[in-house]
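Two complexes follow with chain A in common, the first pairing it with chain B and the second with chain C.
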Partner chain A sequence: MPELTSHTAALRRLLAKLSLPLSLRVTLGAFAGSLILGVALIALLGFPVLSAMRVAGEGAFGDARAVADTLVFMTPRLLVALGALIAIRGGLFNLGGEGQLQMGAIGAILPFLAFGNIGPLLMPLAIVSGALCGALWGLIPAVLKLWRGADEIIVTLLMNFVAIYFVKYLVQGPMRPVGSTFNMSAQLPREGIFVPLIDGTRLHLGVILAVVIASAVWVLLQHTAFGLKLRASGQSPGFVRLQGQSAGRMVLSSMALSGAIGGLAGTFEVLGVQYRLIDGFSSGLGFEGLAVAFLAGLEPFGAVIVSLYFGAINSAALSLQSSLSIPAALADVLSGLPILLLAVISGVMLTKGKPVWTSTR
Partner chain B sequence: MDLNSVTIALFLAAGVRMSVPVLLAALGELVSERAGVFTIGLEGLMLFGAVASAVGLAMTGSPVAALAIGMLGGTLAAAVLALGTVLARANQIVMGIGFNLLAMGVTSLIRQMVLVDTPPTGSLRAVTMMKLPWLSDLPVVGRALFSQSPVFYVAVLLAVALWLMFRFTRSGLLLRAAGENASALDAAGQPVLGLRFGAALFTGMLAGLGGAYLCIIASGGTFIDDMTSGRGYLAIAIAIFARWMPLRTLLVAIALGLLEALQFQGQYLGIQIATPLLMATPFVVALVAWIVMGRAGAAPGDLGKPFLRGAAH
Partner chain C sequence: MPVPIIQLDHVSKRYPNGFLALDNVSLALHTGEIHALLGENGAGKSTLLNILYGVHEPSEGGVLIEGREVVHRRPADAIANGIGMVHQHFKLVMPFTVSENLALVAKGARRSAFRRHADVRAFIERFGVDLDPAAVVGQLPLALQQRVEILKALVNETRVLLLDEPSTILTPAEIDNLYATLRRVRDQGTAVAVVTHNVDEVLANTDRYTVLKRGRTNGTGLIADTDSAQLVERIVGHAVSNAARIGAERTPGAECLALREVSLRPSSGSPGLHQIDLTLSAGEVVGVAGVEGNGQTELFDLLAGQRQPDSGSLRFNTEEISVALVPQDRHHEGLSLDLSVAQNLLYPRIMLGEFRHGGLLDHGAIGEQAKVMIELSDIRTQSHATPARSLSGGNQQKIVLARALDQAASVVVVYQPTRGLDVAAAEAVLTRLAHAADNGTCVVVISSNIEELIRVSDRILVVNGGRVTGEVNGADMSLKAIGPLMTLGRQPHSRVLETADA
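Moving on, here comes the complex of A and B:
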C-alpha cells in the first residue's frame, strides 16, 4: 500500500517538525530543574512553599506594575545578552558585558554634564553617546587581540573591573555635584529621561527599544551578508580567510557592535531607571546577561524569552523579600542554576556522542 | 614629606598583606590550568571559602579552625564545580560564569540565614600576625616580610613546593600531561579525569583559604556580600601572566598587592590618587602586562578542553 506509507511518512515528517529540537528540550529541562531546586531551597529554609509560589507569581505577573517591573528587569539583561551573542557567534568570547554596560552608563550622563539641559535633543544624544562609549570599550579587546594576540576572554574579564572602579571614581569625584555627599552624579532633567510610559509603573521606552534591537540583531545575523560572514567567522575562521575576507575587520566590527549594544544596557538603566550615574547600579547585570546569552543558545529571540524569565525571577524575588522576608539573593541563585544545569547536561550529552549544539559556537 | 624606612616598611608590609588572597587563588588556578581545567569559577570559590570561614568562626570561635573550615568550604564548592567541568565535561567558561552567579546568591543567602546575629568575638591574633624569630628584627624587610600572617608564610612555602613538584616529581609531570595532551596521557593508562578532578579540588582548597583570609584576617571575621570584588578574576590573570609558574606568580601577586596598598600608605609616600583609581590599578597593570607580553609563551595544549576519549585534537 504505497499510499499509506507515504501518508505515514508525511505524518512522521510533521511530527518531526512539531517535536522540539534537542537543544530546546535540554534548555527547558534545565529551567524546570532549577525551579524545582529553587522551590526545594525555599522549603529547606523553612518558608511556606505554597504562599511563596503565590507571592512569586503575583510579584512577577500579578498586575500592571508587576509586569512592568519584570520587563524593566528584563531590559539590561537582554541587551547585554544580545551584545554578547553577536561577539560569541562571531567566535569572540566577549565576557566584558559588565564593563561595556558601565561605560554605556557613563556615556548616558556625559551629554547632560557637557551641555546642560538642551531640551529634546538630550535623550537621543545620550543614547548615541552611551552606545559609542560601549563600542569604544568593546573595541579595546578587539584591537589588543589583533595587535598583540591578547586572549579576549581574560582582557574583557579584567576590563569589567576597570570600568566598575572608574564609575566609582567618577561618582565620588569629578561627577559629584558640589556640596553633595552622595556617590552619584546630578540628576537628569525630565526632558532627558525615559519618562514612565504608563502612570504608576516603571515601564520605560528602553524596554521597547531592547525588543526592537533583539529583532534587529536577528535580522542582522540571519538575513544580511554581514551576519553570514559573522557566523562563518565564528564557525570556521579558516574558511573566511580562504574567501579572501579580512578576519581583522570582522573582529573589530563585531566587537564594536557587541560593545555598543552592551553599552545601551547601561544607558537605558541610567535613562529609564536611575536618572543619574550612581555607584553600584549594576549588581552583576553583565554576568547575568552572559548567562542569558548562553541559555538562549545564542539566539536573539531566545534571549528575549530567557531574559524575560530572569526579569520575572528578579521582580518575584523583590516581592518574596517584602512580603515573606525571603532574602532577594534567591534571585542570584535562580539565575545561576539553569546555566549550570544546562552546561552539565550539554557536557554529558557530549560524552554520549550527542552534542546539544551542532556547532562549536 | 618624610620618606623614612618605617614608612617604606609599613607600605611594603601592607602590600604583602593585600597580596595574600590573590596569591593563594592564583596558585590554585595555575595548578588546575596546568592540568587543563580553566577555573573561571575562582571568584565563586573564594566567596564560598570566605562565607564558610565566617560560619566557622561563628561556630567555633577559633580563627585557626575558621581558616580550616574556609579551606573545606572552598574544596567542597570546587567538588561541585568540577563535577560539571571535569566529570560531566561542561563548557568550562559557561559553567564558571554560572557558578559565580550562583556563589553570589548562595553566599549572600548563607550570610542572611546563618550569620544573622553573630558578630565575631575573640582575638584573631593567632592568625593575623606571627613574627618570625630574629628575621622580623631585620630593618625594613623584617616588618615587610617576616611580621606577616602565618597564612602568608604558608603561601610562600606552597609556591616553592609547587615549583618543586612541577619541576621534579612524577605527580607534577602527570598533572602537566593532563593539561598538555590528555589523550596521550589517557593512552598511557593514566587517569586523566582523576588528575583533573584532584587539581580542581586543590584549586578550591587554595581559593577557599584565600577567601577565608579576606574574611577572617583582612576584614576581622565579617563576611560582606561580594567581598572578593573581582580578586578571583585578577588571580586568573596573574596565573596566566606568570606563565603558570608558581614563583613568578608569587612575585606578580606581591607586586600587584603593593599597588593596592597605595590606597592606605600612598599619602605618606606623597602619592595622592583617589581610592577607586588605586583599586583599579592591579587590573590595569595586569592588562598592560598582557599587552606587553603579547603572544609570547604557550598555554597548556589542552587548556579549557573537556577530555573526551577518542576526540580529535
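Moving on, here comes the complex of A and C:
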C-alpha cells in the first residue's frame, strides 16, 4: 500500500515538527490568543464579560473546592501527557493515550471483580493492575512495529477505538452487575478507592501521585542512562545504531512505560473520581493529554503547567455553566484553541522568517 | 570547429560557505561526441554538472547554448533548453512500468503517445535498448533501471545528455552495453557528457575528455591524442608531499578480524562489494584508498556491523574484539547533536555503566572527564555542557575522533578522519591514530586523501567499483602506484598490478 505509506510519512513529518522545542513566545502567544478568543466568544454570545471572567477565576481557583476540582481535572491529562512524551522523546509517536487510559481503567476494576473486597491491599493492587494493562496495550503496537514494521502512528491511533468499544462491551455485558440496567460496573468499596484527602473537596491521592510521577519522568529523562539513550534514540537513531545499541529493546521499554503511565490516568479516574468502570467516563481525555504533551514542548514540568491550565479551564467552565448558564462546551473550545493557534502562529512566523523553534532542547 | 551545443565560459562557483568549487573553468560539448569529465572527488565534477543542469548558478562566467548566453535558474529551465540528466541515485517510480515512467516526464503530444506501448517501444528501439515497455521498473535489474533513467532524460527532444558516474554500479560487461547505448544516443545528434574516474573506460568509449583537479581544468583534448599514463597523471597529479611518515615501524600482532570472499549486492547509488578478502591484525594501520563511492561506505558498514554480507564471511578472532567507529555522516551517525559535548564524548562509557552515582548519572564526573578530553583533543567549545549542534564542523569531528580513541577498542575504523579539519588539527589526529596502532590497536583508515594515507598507513588497499584492485605496502606506497589502481579498475588483479609496476 504505497499510498498509505506516503500519508503516514507526511503525518510523521508533521508530528516531528510538532515535537521540536517551540520557542516560549509561540507557546505563550497560543495560550494568550486562546483566552482572548474565548472572552470574545463569551461577549459574542451576549453574556456579561466581566462577571464571566470573575466567575471563571473563582471557579478555577476561588476556594479549596475550586482548586481541588482544577487539580482533579488536571490529573488524567497530565498522566497521558507524561506517557506520550516519554514515547515521543524516544522517537515513537504514541497517539494511543486514550486507549491506554481506557485499558488502565479496566485494570483498576479487575482486582475487585476477581478477588472481591480484600481490604487495604485492594487499592495498591488496582494501581499495579491498571499500569500493567496500560503497558500491555502499549506493547502491542511496539511488537507489531518490530515484528512486521507496522507504523506505530496508525496502530496506536486506531487501537484507541478498539479500547473504547471494549470498555463499552464490558460494562454492557460481563461487568454489569446482575439486575442492573446501567452501563457501568459494580462500585468499588471504600477500602479500594482514593478517599477525598480534604473533606468537602474531590482532591484525591492520584493528584499527588501524578505530580510525583512527573518529577520521576524528569529524573528518568535527565539523570539516568536509560533517559540518555531514550533521548538519543529519538533525536538521532543513526547514532544509537552505530553505537551498537539495539533499537528494539528501546522500542519495547519506552512503549511499555508510556502505556503504563497512560494507563494510570484511567486507573486514577476510576479510583479517585468514578469509583467504578463506566461507559464514556473519559470523553477524550487521552487526546487532550496528547495536546498537553505537544504544548508543553515534551517537557515533564511543562506538562504540569499546561495540564493545570487545562484543568482550570474545565473547572471554570463548570462554574460558568451553573452561575451564568454559559455552555460547558466552552471548555472544549478553549482546550482546542491553543494547539490550533500554535499551528497558526508558527505558520505565520515561519512565512515571515522568524524563529519558531529554539535551537535545542 | 562548429559552434558547441553547450558551453561553459570561464565559470567560477563559490558556495555560500566560501568554498571555491570551480575556478575559471571552460568547457564545450559538441553534438556527435561523448565527452568524459574526469577527476577525483572534490575536483568539481558534480558542481559542473549541476551548473549545466540549472541546479546551481555560476558565481562568475556564463552558460552558452549554440553561442547564445542562457540563464538556468532551476532544472526546469535547463530541461526546457533540451538538457537531460541521469543522476547517480535513480529518480524512478519503482512500482510504475517503463511506459508510465517515461510518460510521467513527457511533455505535450508525446505524453499521450506514450500511453501506447507501441510508441514507447519504437522510442526505446531508436536507441537500441532491449526493454519491455510493460515491465515494472522496480523489478528490473539495476543496469536496465539505469537505461530507463537515460531514456527518461531523452524523452523531451534532448540535445545534451549528462550522466553522473553511471558506470560505478555496473559490471564490466554492463559498462560496454551502457556505452553502446550512449553511442546510439550520440549518433542521433545528442551531445553526451559522462562523469567518471575510470581511465580505461574513457579511453575505450569516449571521444573527448576534460580533467578537473581542485576546481580547475587540468587538461582537455581528444581521446585519440592521449593515453592512459597521461590521463592518470592529470587526474591524480604527481606532487607527492615530502612530509615525514607518522608513527614508528610496526610489526603486526595477532589477527583480530578477517573477511573472506565477502560480497554485497550492488544497488542504486552503490557498487556493492565483490569478493573482498581482508585480514586485520592488532597494531597496524590499514589504509583504504579509492575515489569516493567505490565500496568504502559498504566496507565501513560491514566492519561496523551495520550490514551483513550477502555472501562470504566476516569473522572476529575472539569474543573480546570491540570496534570503535568514526562514521562518514557526522551529523546523523557520529553525534547526537542535541546532547551535550560531554554526553557525546562519553556516551559509550556511560552506556557501559561508568559515571553512575546511586543509579543516577554523575553529571559532575562526566563533566570532569569530558574537560580532560576536550583539553587533550583541543575541542573548541564554550563548555562541556554545550549541545554538540552549536560547534563548528571541525570541532564536531574532533568529538567523534576523541570518543573513538577513548573507547580502548581493539579495532578503530575511521572514515575520512581529517575532513573539515585545519592542517594542525589534521596532523594531531593522524598522530593519535598512529599512536593507537603503536599501542596495539588495529586502525583502519578509509580516505580519499592518498598523501595522508601514505604517511600514516602500514599498507594500503585500493578499491574501485566495489573490488579491491590492489594492495601496496612499504616503499611501494606512492601516488604513482596507487593512482592507476584507483582509476583503471575492473581488470583482473594481475593485469592491474602489472600496470602499477610499469
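Here, the second predicted complex is superposed on the first by the 324 of 361 C-alpha atoms of A that agree within 3 Å, B and C clash if a C-alpha of one lies under 4 Å from a C-alpha of the other, contacts with A are read in each partner's own complex, and residues count from 1 in each chain.
Criterion: a contact is a pair of C-beta atoms (placed from the backbone, for glycine too) under 8 Å apart; a residue touches a chain by one contact, two chains touch by 3 or more.
Owing to the predicted nature of the structure, the values given are computational and were not obtained by experimental measurement.
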Fit or clash - chain C, chain B, common chain A: fit
Greater chain A contact set [chain C / chain B]: B
Touching partner for A:F239 - first (chain B), second (chain C), both, neither: second
Which of chain B and chain C A:V219 touches, first, second, both or neither: second
Partner chain in contact with A:D332 - chain B first, chain C second, else both or neither: first
Touching partner for A:R231 - first (chain B), second (chain C), both, neither: second
Contacts of A:F287 with chain B and chain C, given as first, second, both or neither: first
Distance in angstrom between the closest Cα atoms of chain C and chain B, superposition on A: 5
Set of chain A residues, in rising order, touched by both chain B and chain C: none
Residues on chain C engaged by chain A in the complex (per definition of touch): 95, 304-306, 325, 327, 329, 332-339, 343, 347-348, 350-351, 353, 356, 359-361, 363, 387, 389-390
List of chain A residues in touch with chain C within their complex: 2, 219, 223-225, 228-229, 231-232, 235-236, 238-245, 359-361
Sites on chain A touched by chain B in the complex: 45, 93, 95, 144, 148-151, 153-155, 157-162, 164-166, 168-169, 172-173, 283-284, 287-288, 290-291, 294, 327, 329-340, 342-344, 346-348, 350-351
Residues of chain B touching chain A in the complex: 40, 83-85, 88-91, 93-95, 97-106, 108-109, 112-113, 225-226, 229-230, 233-234, 236-237, 240, 274-277, 279-280, 283-284, 286-287, 290-291, 293-295, 306, 308
